[in-house]
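Read the structure below first, then the notes.
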Amino acid sequence: MSRLLELWQTTGIVQMTLPQLLMIAIGLLLLYLAIKKGFEPLLLIPIGFGGILANIPGVDIAVGDGILHQFYVMGLETGVFPLLIFMGVGAMTDFGPLLANPKTLLLGAAAQFGIFSTLLGALYLTDIGVFNFTLQQAAAIGIIGGADGPTAIYVAGILAPEMLGAIAVAAYSYMALVPLIQPPIMRALTTVEERKITMVQLREVSQTEKIIFPLLLLILVALVIPSAAPLLGMFCFGNLMKESGVVTRLSDTAQNALINIVTILLGLSVGSKLGADQFLVSSTLGILSLGMVAFSIGTATGVLMAKLMNVFSVHKVNPLIGAAGVSAVPMAARVANKVGLEANPNNFLLMHAMGPNVAGVIGSAVAAGVLLQFAGG
Amino acid sequence: MDNLLAQGVELAIFGMGTVFVFLALLIAATKTMSAIVLRFEPEVVSPTPDAGAHNGSALDQGRIVAIISAAITQHRNKNKQ
Amino acid sequence: MSRLLELWQTTGIVQMTLPQLLMIAIGLLLLYLAIKKGFEPLLLIPIGFGGILANIPGVDIAVGDGILHQFYVMGLETGVFPLLIFMGVGAMTDFGPLLANPKTLLLGAAAQFGIFSTLLGALYLTDIGVFNFTLQQAAAIGIIGGADGPTAIYVAGILAPEMLGAIAVAAYSYMALVPLIQPPIMRALTTVEERKITMVQLREVSQTEKIIFPLLLLILVALVIPSAAPLLGMFCFGNLMKESGVVTRLSDTAQNALINIVTILLGLSVGSKLGADQFLVSSTLGILSLGMVAFSIGTATGVLMAKLMNVFSVHKVNPLIGAAGVSAVPMAARVANKVGLEANPNNFLLMHAMGPNVAGVIGSAVAAGVLLQFAGG
Amino acid sequence: MDNLLAQGVELAIFGMGTVFVFLALLIAATKTMSAIVLRFEPEVVSPTPDAGAHNGSALDQGRIVAIISAAITQHRNKNKQ
Amino acid sequence: MSRLLELWQTTGIVQMTLPQLLMIAIGLLLLYLAIKKGFEPLLLIPIGFGGILANIPGVDIAVGDGILHQFYVMGLETGVFPLLIFMGVGAMTDFGPLLANPKTLLLGAAAQFGIFSTLLGALYLTDIGVFNFTLQQAAAIGIIGGADGPTAIYVAGILAPEMLGAIAVAAYSYMALVPLIQPPIMRALTTVEERKITMVQLREVSQTEKIIFPLLLLILVALVIPSAAPLLGMFCFGNLMKESGVVTRLSDTAQNALINIVTILLGLSVGSKLGADQFLVSSTLGILSLGMVAFSIGTATGVLMAKLMNVFSVHKVNPLIGAAGVSAVPMAARVANKVGLEANPNNFLLMHAMGPNVAGVIGSAVAAGVLLQFAGG
Amino acid sequence: MDNLLAQGVELAIFGMGTVFVFLALLIAATKTMSAIVLRFEPEVVSPTPDAGAHNGSALDQGRIVAIISAAITQHRNKNKQ
């Protein structure tokens, strides 16, 4: 009979704490949003499910020898998973629109203002005593504004691993919410006339330019900001495999089997950081709020930069594509296209917005390099 | 040695017991779940796979923050006590 | 000349021992059975080949820095390989027939009696001095009766790694032998009239039920038997990826590239435990004999439970599908169908047998949780 | 604390500065590269993917050895100094 | 302002050394040769790109916790990557032509003379004071003459990891240059009449022979030269998966997703050894020169062995196929075919040359076993 | 140094010797194997790939246990001596 009691003590019913139950509910919510609302399901299904597993009491899954903790140690502590995903994303990226209109790179630069202003916001909230973030933590929160999942996970894994769960959840949730967050800001900062601007047809780009560009980018990174080289190096490597056209089988694997395997393992690893003790802390509220601010500011500065460029430029840019500079590929470019069509049903901005969109990936990787260089040391 | 056999008997009884209890609970839970689903969703609907379209509403976003806030508040209050 | 002698000393001809030669013959036998007789070739080819490699003298392959030992350390000592396979199996599993007729879950419960009676048998043989098994070893032998390869390997890897080779060989060999082991038992325990029972057509199951079921199962595991959560968690995760319909690329990879890679590495790792010193011990005979007993008892109790259910139930169950409760997916379900057709050529039991068949997977994973909880501590 | 904020301001300024300088340089480099490529290769040529045919000439082989030799010689000379 | 100076100090412009710049140029050259000249792009693109990454100053990529160093530690220090590639190559290899004409195995033996004469050459150059190679290093250089990438990387990784970069670059470059290196030697050593020899049609080989052959080879390795068992074991395992016909899904994965993933990681790992400090040393010149000699001697001895065989044999062998004995699959076989067509436009030697071609893989793996046995201890 | 060269010569001789002996043995083994196979299986038969059907007989099962038993018995006897 005492043995039966002992058995009863091992059940989850007895061992589960309320915070764990709440985290399981949050995991289920993430799964609901991913499955029924289409919120970045490729990441949020593994993250949400991993979050549930991480809150099952009485068994080591996300700690010790547990499998999720092993995945975490293997791939997130080392940075291997986000870098391999970045390689795969590189192999899926087409720099054509960017090469056809390189000045849109400036839009990708401007949108990174969201990162740094959020960093300042986090430090200000610390200064006035609302939160208590270190410089590293503030930098990791800021990077949410880069709207780029693997970059955010890579930086948070180095600068603030204790916040990795919340930062990844915020980054992917807000990337999914781009169609809700961006349009009001875009409309508020532009006139209808500006939104109607049609842009000149993009020129065709030769294969040679596409092959050379990732190498050019890599060498510039090596010369200017080496600390961004792991991220942008893997990105450029993936892109070169694709554009070279001579290693199709490697490029296909990088875009399919490999990135899929790593996505599963990365998602579960991130989920392992959704344990109640780490996630149900007040800083999570700060991360979620500041992340939203970061997205909004990045959107705004992207749009404003486009307007500024139009002051000096002959070929006008539709300022809506500036919002795509936050990255969130390809969602933000689609949003720019959609808002543009509202103003002018014949104005297809999608390809024009792809330039700033991928520029935003480069921009936030460079910003990540600066943060790792100065906050990581 | 006899002690080992006794442990084994105990383990066998509790083991089979747990297996039966668990699967019986699963039967009950499954039947309940199916009944609820079929009430709200009488016809078999096949979902559109890999839906690219985003159906999120502002509500969802509010809901995340609200639920997480509530969870954190509750957790902090509990820890204070 | 002395140098030539030294060279001769390094050859396998000089170094090979008789037990190693016997193990190489056993490896070749496993390959023969896999290739020519269709015995679970996906596992028995890597296991058999790994077993040959493990018995080559004078070179480290299955020990030290040898590649098979590295695979073993990487994937079996950590539990990663069987859990990833379980995830892939989950992504291939259709819970539809089970959802249409949930009471067949009881058949999957009854068939686990094979596990526990074999555990008792192993301890009894120890008690009377025939063998000398610990509780952990007896539990690992019992799990062969679960008729589920990854579960057996996962449990044996934790409770009795020194027996892993023999347990895996027994589990997969007997799964291949299901068409020979089960039918006589099934016929002995049923009348022709019982075998002729036709079952009511299964209802259609909605996608929503299929999406919710793995989450329901996971939460029940979390509440009742958390120690089964690594196994059933990964299984449910794979199933959710498949049923959600929104992460097709992840589900496809889990079912193909990933499970194939892991199967190769797991098979070789298991093979590394077929070294003569570990395999050619008397306990191996006990494992092989008891494993057969476990399968037989599980088959019998599954059938008997179906007959018991018919006493209380209006919709009669054909007792043959009870035998499918041992799992051995999908072989046991096919056997039930085949034996049913002998009695009634118009009675197709396959879909009805798939319910207990996958229930058997859940049942043996729960049993594994109990064993790990009480024998593992 | 104020010091932390000051560090943050500095980091933000240098960070945005680096991002803008980098992307401005990238614009310049990209435009130059495209101009050069388009001069030598006026028409858009699509390459034959996965070319099995080998086009290497004896020159290439000489070139590898020559460049590597030069590099090594230079490196050794430098280390001697 | 001092902060701005500090920022300036972190740039690559300040930190980059001339040797690093030269290595980046060499990396770009390798990429150029791979992409524009078709030099073994599957390996030289990852190696070349990895070489560039390894020479970016101020950030850990190929050292410490850098991702390329992690790949190196994970896959090259352990030997896992080249062995998995060898498994995949085995799964792509057809032993049919070899089984139809087993005596061509002797051609694969003769061509390994390149390995051992180069080893002697390296030791002679050490003896006269030109270079300073150890026995291990000389053996690792010699293996370049095996014209087999994974074998060279596996051996160099064990015997002379400090030379791995140069050895891999030499091996793959010269494999790409086979169409330039071999024909003059082949023409110099044969008369036109010899080059016109037509060979008897190869008989059909049964599936049973193809299934048994890898097992026969493995057992012979186990008996004669166990130190070659890791390499040839994985090779035979891959081949058995393919020929057995019952594990198509494993064989397909070994030939595609798995070998592609490992190729990417192996290439980057090798690239991590192209750091200026390791590569820009005088021994690199020796490696490059001796590697070329090794290829040339192997080609010559292969051709001469074929001529010797014709002295004793009724069915004449076209001596051109002897050159295919160096391996460099399938390039060397194609070259033999092409040179043969010059002499006799109706004489297709391709299938005949595939026998010695795969024999060369076996031969150099056996040679690798001897080197590891006697130089590795 | 001269000693090193001597070691190299020895290694080269034994190495080439091993390669030739091994491949000569492989030729013999392969010819023997092919002769045996072709005797028992005169026509080229292509196997049914991925055969789902199970052809195992009760004999197979007995055979496994019998062979393994024999192996173990022999091993134990040997160890006793």
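Chains: A, B, C, D, E and F, in written order; residue numbering restarts at 1 for each.
By our rule, contacts are C-beta pairs under 8 Å (C-beta built on N, C-alpha and C of every residue); 3 or more make two chains touch, one makes a residue touch a chain.
Predicted, not measured: the structure shown is a model, and the values here were computed from it.
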Joint neighbours of chain D and chain C, given as chain labels: A, E
Cα-centroid distance, chain C relative to chain E, in whole angstrom: 41
Where chain A and chain D are represented by their mean Cα positions, the distance between them in whole Å: 26
Chain B and chain D, separation of their C-alpha mean positions in angstrom: 53
Chain D: positions in contact with at least two other chains: 14, 18, 51
Per-residue multi-chain contacts in chain A, two or more chains: 38, 221, 224-225, 245-247, 257
Chain-chain contacts as defined at top: A-B, A-C, A-D, A-E, B-C, C-E, C-F, D-E, E-F
In the complex, chain F residues that touch chain C: 10, 14, 18, 51-58, 60-61, 63-65, 67-69, 71-72, 74-76, 78
Residues on chain A engaged by chain C in the complex (per definition of touch): 10-13, 15-16, 24, 28, 31, 34-35, 38, 41-42, 45-46, 49, 52-53, 56-59, 61, 65-67, 70, 256-257, 260-261, 263-264, 268
Complex contact set, residues of chain C against chain B: 98-99, 102-103, 105-106, 108-109, 112-113, 115-117, 119-120, 123-124, 126-127, 134-135, 138-139, 204-209, 212-213, 216-217, 220-221, 224-225, 245-248, 359, 362-363, 366-367, 369-371, 374-375
Contact set on chain B toward chain C in their complex: 1-2, 4-5, 7-9, 11-12, 14-16, 18-27, 29-31, 33-34, 37-38, 41, 44-51
Chain C residues within the chain A interface of the complex: 78-80, 83, 87, 211, 215, 218-219, 221-227, 229-230, 233-234, 237, 240-241, 244-247, 249-250, 252-254, 257-258, 373
